[in-house]
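These notes concern the structure reproduced below.
Per-chain numbering from 1; labels A, B, C, D, E, F and G assigned in written order.
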């Protein structure tokens, strides 16, 4: 039986996720919300570029069209 | 319970935000408005390229499809 | 209270604006009109590439999907 | 009072226009028609790349999503 | 009076056209059909890259979003 | 009389096709199906990059927006 | 008789697939689900960049617009 990507995302709410973006950017934080475009809300996240932490933020809204993959 | 990205953006109205755009561009300013495409209105903002301030403006309308993330 | 990006653009009609486009291109001119895609009509504008004026025109129609930001 | 970009384009029918495309390409010719995607029909046009004429054609249909700006 | 780009394309059916694509690719052949996305059917076409013929084909279906311009 | 690109594709079902993708990638195989986005199903296909075979597969689903052209 | 790409994908549920993404990235894992945008859910997957394993994950949600092809 097949699962829907957005359902899997929904189950990841409140847990830590890795979000890989284009151009070597990555976020690690707690998934607080999302919408059907895969726009994401992350809490307590770290932004990494090429593997190094470049910033930390309480709340970050990521625009979905930059996302390559999300790992809960 | 899940939150919607645009609701989080709505709560950030009138507060300072960091807006990361593609190609190393960033805005820091007060979020004055937005629409469903994540087009943004910023007040009293600084534009930074690769970490250096390159301009200041009273009002800036950012086209949403350049946005990577927004941090309230 | 939140403002809409296109309303802010509407108030900028007949005043001078800076229009930053992708690939280092910029227009400075009087905003004469726009539509919901952020296609723009500029009057008496200068086109700049990497900070140097490369052309002047009475009327220019800019296709919206090249726009990074507009500063009234 | 605001004008619409496509109305300005409509007034430019039968007159010479400069069409700037991505990747350093430009067309100069008579605007013979267009549609809502800014697909264009040009007559008696010259194609220029990086400022040099590389071809001439009686009729050219330009796909709108390559357009940066049009100057009547 | 304005003409529509797709009408001009329709008149070019059965005649030879030059189709310029992104990334230095070009097709020269007989236009056999198209749809509203500017997907094209070419007959007896030559594919050229940077001005050199790299292949010939009886039938080629070109996906419209690669098209820069078409010259009948 | 004009033919539709997807009709031509439909006639190519069960025959061998060349599928040119962006970034120097090519597939050669038997067209087993497609949809209106030009997503393709290929059977017994070879994947080539810059003219060299890099993989073989019984079944491959190609996402349409990578397609430059298809030659039956 | 023609098959639909998403039907082929549906038959691949619960079996191992290779997912080739843009920019030299590849996933190998068990297909657990998908939607009409080709967003994918992979289980027990390996992420490879230029042929080397760079990460492993129990669950990965891949955004469809990065997909070049999927091989069941």
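Points to keep in mind about this one:
Here, contacts are C-beta pairs under 8 Å (C-beta built on N, C-alpha and C of every residue); 3 or more make two chains touch, one makes a residue touch a chain.
Quick caveat: nothing in here was measured; it's all calculated off a predicted structure.
Each step here moves to a touching chain, and the least such steps from chain A to chain G number 1. Computed centre separation for the pair chain B/chain C is 18 angstrom, with centres defined by C-alpha atoms.
One finds 33 Å separating the Cα centroids of chain E and chain G.
Of all residues in chain F, those that touch two or more other chains are 65. A single ring links the chains, and its order as traced from chain B towards chain C is B, C, D, E, F, G, A. Contact residues on chain C toward chain B in their complex (touch as defined above): 1-9, 18, 22, 38, 64-65, 67-72. Residues of chain G touching chain A in their complex: 10, 13, 21, 23, 25, 27, 32-35, 39-41, 47, 55, 57-63, 65-66.
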